[in-house]
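Structure, as structure tokens:
Just so it is clear, A, B and C label the chains in written order, and each chain counts residues from 1 on its own.
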Amino acid sequence: MHPQKPRLAVFKFASCDGCQLSLLDCEDELLTVAEQVEIAYFLEAGPADSSGYYDVGLVEGSISTPHDAERIRAIRAQCRYLVTIGACATAGGIQALRNWGDVEEFAQHVYARPEYVRTLATSTPIADHVKVDFELRGCPVNKHQLLELIAALVWGRTPRVPRQSVCVECKRRQVVCVAVAKGVACLGPVTQIGCEVICPQYDRECFGCFGPKEYPNLISLGRRYQRDGHDNGHLTRLVRSFNGYAPGFRTVEKVLAKNNHSSSPQPSE
Amino acid sequence: MTPPPAPGSSLWMPKPALQTLIDRLRADGYDVLGPRMADGAITLAPLRSVDELPRGVRDEQQPGRYRLTLADDGGYFDHVVGPHSLKPLVFPPRTTVLQVLRVRNGWEFRTPDPPRPKQAVLGVRACDLHALAIQDRVFLGGAYRDPEYAARREGLFLIAVNCARSAATCFCVSMNTGPAVTGGADLILTELANGFVVGVGSARGASYVGGMGERPPTAEEEAAAAAIPQRAAAQQTRRINTATVHDTLLNNLEHPRWAEVAKRCLSCANCTMVCPTCFCSTVNEVNDLLGTQTQRERVWESCFNEEHSHTASGAVHPTTKSRYRQWLTHKLATWIDQFGTSGCVGCGRCITWCPVGIDITEEVAAMEGGRA
Amino acid sequence: MTGLPPSPWQTRNATVRAITPEVPEVRTYDLDLHGANYSFRPGQFNMLYVPGVGEVAISVSSDPAVPHQLRHTIRAVGNVTRAMTRLAVGDTLGLRGPFGTAWPVETVRGDDVVIVAGGLGLAPLRPVIYHLIRHRHDYGRVAVLYGARTPADLLYAHEYDWWQAAELDVHISVDVATPNWRGAIGFVTTLLAQLPVKPTRTAVFTCGPEVMMRFVASGACQRGVPAERIFVSLERNMNCAVALCGHCQFGPSFVCHDGPVFSYDRVGRLLWVENL
């Protein structure tokens, strides 16, 4: 289809490398992928041709240092399409918890010589710094969504990454709802589909790895869990994890506090 | 050999005969599914033995809440409807509708032959039988028939059970869809303490009874069996006024209640997914990586997802308010215009399995000008 | 297996025979169905399928009397239509159809016909125009009122003189004029307001943005044209095209099956409800 194979690069910022590993985890398909695209730059896997131009740049990780902030601009200039992969790149990641704390204080607790650490006060998603063409959510990203991205590139279309709730996939798989049947505070109803509902299938609540779905109604879901006796601290910690800094999840603390004080209509029993 | 009982007749059958019935169906190549306790709910799952049935288990259902309670004794069918309906058996959540292969002069398009599983379901309730009849109209009654639904529907053997109780979320009485089974099943069981009263619903059903210790039911057994669904009916508190709901909803498309319910609604699609009649689907491309083969895959979709109403000029239903309105007006009003029947069978699943407990009957009542 | 109708998903090959640029981002594709038995009525649509990318519902824009010269005029706006811009003459795509209701050209025989189109809305009405030209003597006065955003956006501009010569009363206007534009400026609703009509023997066919159709239809109603003789063509998300997937519902209607062409008396009230 392509006269020349599209050149693909994978870049890493503040992250755990888990999303890159998801790409390597495409064991059966990896050879086919390599036939269809030229993997030009992928340090985790070997290639490091850092010269020139890439058709697609996959970016893992968040911006957490002054150097990151400069490097991402250079990478943007090298890539036709820039795709962020994973919770760090799309929402700031778990390390964005610092955005609610004091980084200098953390550094003094963790490092013997904190003066050597050059870091920003915040961990922010790539899209806060440069234009992002497409994003794949998840902590880590889902292998099938990565393959969908590549297949879409091969076939010349926009990748299909639905933004509906995790519940949709739970129900398609006939997984019993843990929120309704167990009274567990589950983030499925406000979280984007894509993870193949691993947690609810193993009788665990969703903890929001794929970030907020389209129009997440945190107010209503929060109110329901509050009514069931889940305290605000627990609910805030649940939401404020890998995607805590994502718009839609970011304001959870305020939402819950406001719920406690509001007399908005409640579903009656 | 005595001739098989005629459809419409009824007989009494001892409890152990249920195992024989399962064995006979399995011997004939049926996958037998029935109610089984799993993950804190009564699910619909493969069944080999009556010992796997949730004997003495009751389900307590409330808006947004489902819990099981266990009793020391009790019947096989003391529960009512769980999260699973017949829907995925005939309308699978994920299926391939077209296979496409790149060939020399274009493409080869192949519609796969639909699978024809033989599935027997034990413990089907009246509401779900009505839901199946509604889906028959949707998938088979129009100008275009759904080939996979048709194939799967043909292989369905249905052993219904009359409900012995109602959950708090049930409202089949008002929808005129239960709790007594009035048809649509091959066999209809009513569980008594000492056995089952079996109604023969079809010739196919008749061919599976006989030789299992059956006898004609006594007058007392007949009366006891008839009283069982009546008792369940009397327990229902929720209702929808079917005489007025069509016009009420369609005359109130701008009612402030839509905006109010939208504040509570999560647009999470759970109600549509558990609904035994909701039939929306989307066909997506599933491509290989080589650019030579692709297929079109149909998955369950919901009117609560933005993509559902997507057009070149944006979503037709861009807000939760417009989506909830689409769902409720379709289910209870425009469905009647489309298919000559309501889309609701009063099973209450949308109430129980809504994470925030939105109650369809309460929303209708609010539109009716009652409780707001 | 016997006795079952063919699967609604069955797709056939359609080869691109010509690609004609029309206005910016809009092309007309001539498709060849390789002699397959095919006919359509004006206003009906096909599902065009770019394998690997997806399907899209597109109205037929060619002459129903020449079904083997099948044409679709398409704006590159979504995933599939953008992929179609990469097609070349000789390439093959998939096609299902035709689907949906038609403009009732037979039932309005003998009457005056007013065609009101906006932007790309002219494409599904062109088969009507061709039909009326072919059977010109079967109809009374025929007017074509067409508006586009700018002169450069006027679709099928090279055909207007021919339509006029075939005794169609053609009126064109643009929302935004350019210096050398000599024609009317304003909305098509204004053209309609200025057109003399005999309300009781006139039928109105309109297609364009929904807001335009609403005002055209209500304007025609105010002029005394009965709502059941005003027809609109609606756009909704068509996924299956056979009333099985639920996406295109509009009140009690499946737009793919009960539409896309509706009489205004059937949908008028609902068209004024926001986000329905």
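Keep in mind that, in the parts below, contacts are C-beta pairs under 8 Å (C-beta built on N, C-alpha and C of every residue); 3 or more make two chains touch, one makes a residue touch a chain.
Since this is a predicted model, take the numbers as computed values, not measurements.
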{"item": "Pairwise touch network: line, ring, star, complete, or other", "value": "complete"}
{"item": "Chain closest to the middle, measuring from C-alpha centroids that were averaged per chain", "value": "B"}
{"item": "CA centroid of chain A to CA centroid of chain C, Å", "value": "43"}
{"item": "Separation of mean Cα positions, chain C and chain B [Å, integer]", "value": "40"}
{"item": "Whole-Å gap separating chain A and chain B, where each centre is the average of the chain's CA atoms", "value": "36"}
{"item": "Shared-contact residues (touching 2 or more other chains) in chain B", "value": "284-285, 287, 291, 294"}
{"item": "Touching two or more other chains - residue numbers and ranges from chain A", "value": "155, 157"}
{"item": "Residues of chain C engaged with two or more neighbouring chains", "value": "52-54"}
{"item": "Complex interface listing, chain A residues touching chain C", "value": "155-158"}
{"item": "Complex interface listing, chain C residues touching chain B", "value": "1, 4-13, 15, 51-55, 75, 77-78, 81, 92-94, 209, 235-237, 239-240, 242-247, 249, 251-252, 254, 257, 270, 273-276"}
{"item": "Partner chain A, residues of chain B touching it in the complex", "value": "38-41, 43-44, 62-67, 83-84, 88, 93-94, 260, 263-270, 273-274, 284-285, 287-291, 294, 299-300, 302, 304-307, 320, 352-353, 355-359, 362"}
{"item": "Chain C residues within the chain A interface of the complex", "value": "52-54, 79-80, 83, 86"}
{"item": "Chain C partner contacts - residues on chain B that touch it in the complex", "value": "97-98, 100, 102, 105-107, 109, 111, 113, 138-139, 142-147, 150, 250, 253-254, 279-285, 287, 291, 294, 296, 301, 303, 308-313, 316-319, 321-322, 325-326, 329-330, 334, 337-338"}
